[in-house]
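In structure tokens below, several structures.
Each of the next two complexes has chain A plus one other chain: chain B in the first, chain C in the second.
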Partner chain A sequence: MTVDATYLVQLTLNGIALGLLYALIAVGLSLIFGVMEIINFAHGELLMLGAFAMAFVLPVTGLLYWPALAAAILAIMLVGWAVYEVLLVRLRTDEFERSILITLGLSIILIHLMQYFFTATPRLVDTQYGFNGVEIGSIRITWTRVIGAGAALAAFAGLYLVLRYTQFGRAMRAIAQNREAALMVGIRPRVVARNAVVLAAGLCGLAGAAIAPIQLVTPYMGQFLIFKAFALVIIGGLGNIPGAIAAAIGLGLIESWIGGFFEIAWQEGAVFVIMIVVLFLRPDGLFKKGGMRVG
Partner chain B sequence: MKLLAAPLASMVAALLLAALPLVTSSNYVIGIGLSALIFTVAAAALNLIYGYTGLLSFAQLGFWGIGGYATALTVVTFGGNFWWGLLWAALVNAVLAIVVGYPTLRTNRHAFVIVTLTFALLVTLIARDWVSLTRGPLGIPNLPAPEAFGHRFAGTAQFYWVAWAFSVAMLGFLYALCSSRIGRTLVAIKQNEPLVRAQGIAPVPYKLAAFAISAAITGAAGGVYCFHLGIIDPLFLDFYYMQTFLIIVIIGGAGSFWGVVVAGVVMSALPELLRFSEDLRMVIYGAILVVAMFVMPSGVAGWLRERQLLRMREHVR
Partner chain C sequence: MTEPALVLKSVTAGYGDVPIVRDFSASLQAGSITTLIGGNGAGKSTLLRAIYGTNRLFSGQILFKGDAIERLPPWERLKRGVGFVPQGRCNFPAMSVAENLKMGCYTLPGSVHDAAIDRVTSAFPMLSQKWRTEAGNLSGGEQQILEMAMVMLVEPALLLLDEPSLGLSPKMQGDVFATVQRIAATGVTVLIVEQNVRGALLISDGALVMEQGRLFMEGPAQQVRTDPRIRQAYLGGNIQQTAA
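Presenting the complex of A and B:
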């Protein structure tokens, strides 16, 4: 089989874009798990709400991309704050199963409320960039994809700086690494947990808003992504942020390559096979269990 | 006397349920009864792994679907009969449960939840995308009615007996298992695993066995249910089924055998009475799940037990 170089580069670029999107979701999950030791099942629905927010705000801003993106992120951070204050604040750290069941209930409610009010008909979201793109040789990528990938990279850089250099981020790492010691030096777990959830929701809102012009927007769009994000969190090591990012980009590439050459069933199955193999070889995930270390 | 009350009551209830097709000729009502029986079996199997062993498994949905497809394919593609199909469904699922469970159970219970969840999704995708085997979104229609001893169980009323016999057998088996030494060991593993180890019991084989049995029973239940529907397609793996099993276990009371059985019958009939639009019904399901987790995390059975304990304490005082 001869492999066309252009095709391969195109697949690789698509894979990276896909991987960055997975990473935005997986990092949020890792962040919440690191601080609260719970899993947010409704994380995919935050992404879905982000995409819907983008779809609703764009016509208001006259298809301007950036204000709509900012509005969507802000809206989802507010949703995250509400979810924390109403539901998650009542959970203790050892209540893992309970956290899953509660957020599963929330996810069901959100999906079906959205479907009830806005129907399951897929929406096409148009922006100021339309389908214009940048062309390098014979490879063509739309602007919305380039901006989405760029925004994700910027978000990771920002997250790194926040976690490494600000009091806000250091407190999160402190709680993740040693709860008791963090309590002793006067860090309030409730405030830190709220910050982590709001931050994770913001990343998810960004992912949703960035994906809205690329994919069709439906109430179910979050569900399939969240399953993969869960697997990535396991592969990267629970609560390990760099691990989750590496695993996400790796998976994006692998899926894109497999999808380019084999049947689609293999592409979807890849994540599960990788996860089982990783668990066999390294039960704590590919990267050492990190306690949310960034440097 | 009190010792005999529960088995007696359950036998009377089972016989009353068996008489349902004699009381009514409405296929709609019999269909609800049939769903209630099968959902109760699937929920009881989930109760074995979650309620007793303390491992939250979302893979039940995958096992349910694989069981359905295995049974349907045995009959339609491989030319076997319905009963062999059920056996295959149970066997395939037990093996899969061991293959997935072995690497996963070595880690921690967090990983178990997430791996089982991803497994369920994977099965959905395979059912949709492996078109040469499962016929993809078109599904396999016109599943024939099963036969035994020269009798054909055609129609809902006839098939109800098959489902009834299956459910009573499975629930009986699960009851015997849960109230045996094995069941008590599983509860001990859930409550204090280090203590179980200290007693010289290896927990992993027990967990693995519970997972495999739970998978086999769920798979067979899926096999029976898809022959009731008469068709199997990827919608058979809708997350709706998993939600139903979970809500039955949680409302009934995880770890309480009879609580889950009663909740299974009630919760399967209730949605039929509350006939809203599909979406609003699911919203109510979600709300029930959230509220139940806060108000009575151990279900109705757990709530009743707590009340009883409270009263006994007051009595002592």
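Presenting the complex of A and C:
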């Protein structure tokens, strides 16, 4: 098999863009796990709702990308707030099994509600950018991918600054590192947990809205993502945010290369085989574990 | 005699549906150091947690400076001046000393953070020397000092200390006791649970003895440490000036 350099670069860029979107989900999952010690199995559905929100708002804004993106993020943050206040607030930190049932149940309900109201027919989402893109030599990448990747990078930078330099963000790291010490200094765990869920939902909303013009939008689009994101959180070193981002970009690249060089049927299966092998070899992940590390 | 800083009236507290401390009443004079003595499982830590509000209070009243606080959450008690340093390592291990101190300011308005941190680092110069070190990489004694400093940032009027010298070398235990004395000298009321009963009693004004969740004896530290029953149960012989 001969490898065309242009094709390889193209696949690599697509892989990075895909990886950054995975990272948005994995980081949100990591945030919620760090603060609440639960895995939100409905996280993929928040992405799906973000994509649907983008699909619904774009026609209202006359296909203008940025206002629709902002509206979708805000809408999913609101959904995150409601999910926390109605369901997650009732969970104690020692109720991991109950959290699985609740969030998995929510995931299934959301999928079927969306299918009931909007059908399972895949939607193609158009924006002001259409299929326009940047061309560097013979390499071409669409604006929607460039902007999606750029927005993800900006979100990570913003998240880093918040977690590192504000009391709002430090409180999340504090609870992740030592719950009792957090109470000692007067942190209110429920307020911080709500903030973490809303922030994580915002990242998911961004991922969903950014992915909507890139791939078909369906009620099922978030279903497998949660399992990938869960594995990424572990591979990245549970609670290690830069670790989760690095693992997500790695996964995006591998997925893109496998999809580009082999039959598409191999893509999903191979990705999970690789993740299982990594977890066998390094059960605690590739990077230092714990403490919601930000650097 | 000054007004008591803390009054406990028939406090029954525990975890889940299990009361551990039962019908416990006592009062602490403002600015005093009081050691809480008792065997393993007597309910000493449970009582401290009940005063700070991190476990279940079944019945009874907790008066701090005359106000009932038993229905307040821990952060509200902290804002009113009740500070609690729990047993074991109670800091943020993956954060630097500077960040840990910043977190200690969590309930304070942002405008006073720097002044509070300056005040505490003047009292504990070691913290300035280890400014960028992650708390998890400090020695046990340094971590204990950091934890006390994190609570002292809010200038509590009552400081609850649960086993502050646990796992420390004799030298570091002495440093911790000296620190507690310095804190009390500023007018802070201290209630301390300590495995080194001998050392704690030597720096204390009063003592409370618990058995099976109930108050067994109370009195001046001098009197309690010479009581034959206490000497036999907790002190194992003569008391010598080993701390402070």
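The definition used in the following text is that the second predicted complex is superposed on the first by the 293 of 295 C-alpha atoms of A that agree within 3 Å, B and C clash if a C-alpha of one lies under 4 Å from a C-alpha of the other, contacts with A are read in each partner's own complex, and residues count from 1 in each chain.
One rule holds in what follows: a residue touches a chain if its C-beta (ideal position, glycine included) is under 8 Å from a C-beta of that chain, and two chains touch if they have at least 3 such contacts.
If you're wondering where the values come from, they're calculated on a predicted model, not measured in any experiment.
By the touch criterion defined above, A:Gly186 lies against chain C but remains apart from chain B after alignment on the C-alpha atoms of chain A. Contacts of A:Arg123 after superposition: neither chain B nor chain C is touched.
With both structures placed on the common chain, the touch criterion links A:Glu268 to chain B but leaves chain C unconnected. Judged by the touch definition given at the top, the superposed model places A:Asn178 against chain C, while chain B stays out of reach. In the superposition on chain A, contact is made by A:Leu238 with chain B only, not with chain C.
Once the two structures are superposed, chain B and chain C can be ranked by residues of chain A touched, with B on top.
By the touch criterion stated above, A:Pro283 is placed in contact with chain B alone, chain C being left untouched.
Applying the stated touch rule to the two superposed structures, the chain B and chain C interfaces on chain A have no residue in common. Those residues of chain A whose C-beta lies close enough to touch chain C in the complex are 167, 170-171, 173-174, 177-178, 180-188, 290-293.
Taken in their complex, chain B has these residues touching chain A: 50, 56, 100, 103-104, 106-107, 109-111, 113-115, 117-119, 121-122, 125-126, 129-130, 239, 243, 246, 250, 277, 279-280, 282-283, 285-290, 293-294, 297. Taken together, the chain A residues at the contact with chain B in this complex read 39, 87, 90, 96-98, 100-102, 104-109, 111-113, 115-116, 223-224, 227-228, 230-231, 233-234, 238, 263-265, 268-269, 271-272, 275-276, 279-280, 283-284. Residues 52, 54, 73-75, 78-79, 84-86, 89-95, 99, 102-107, 110, 147, 150-151, 154 of chain C are the ones that touch chain A when the two sit in their complex.
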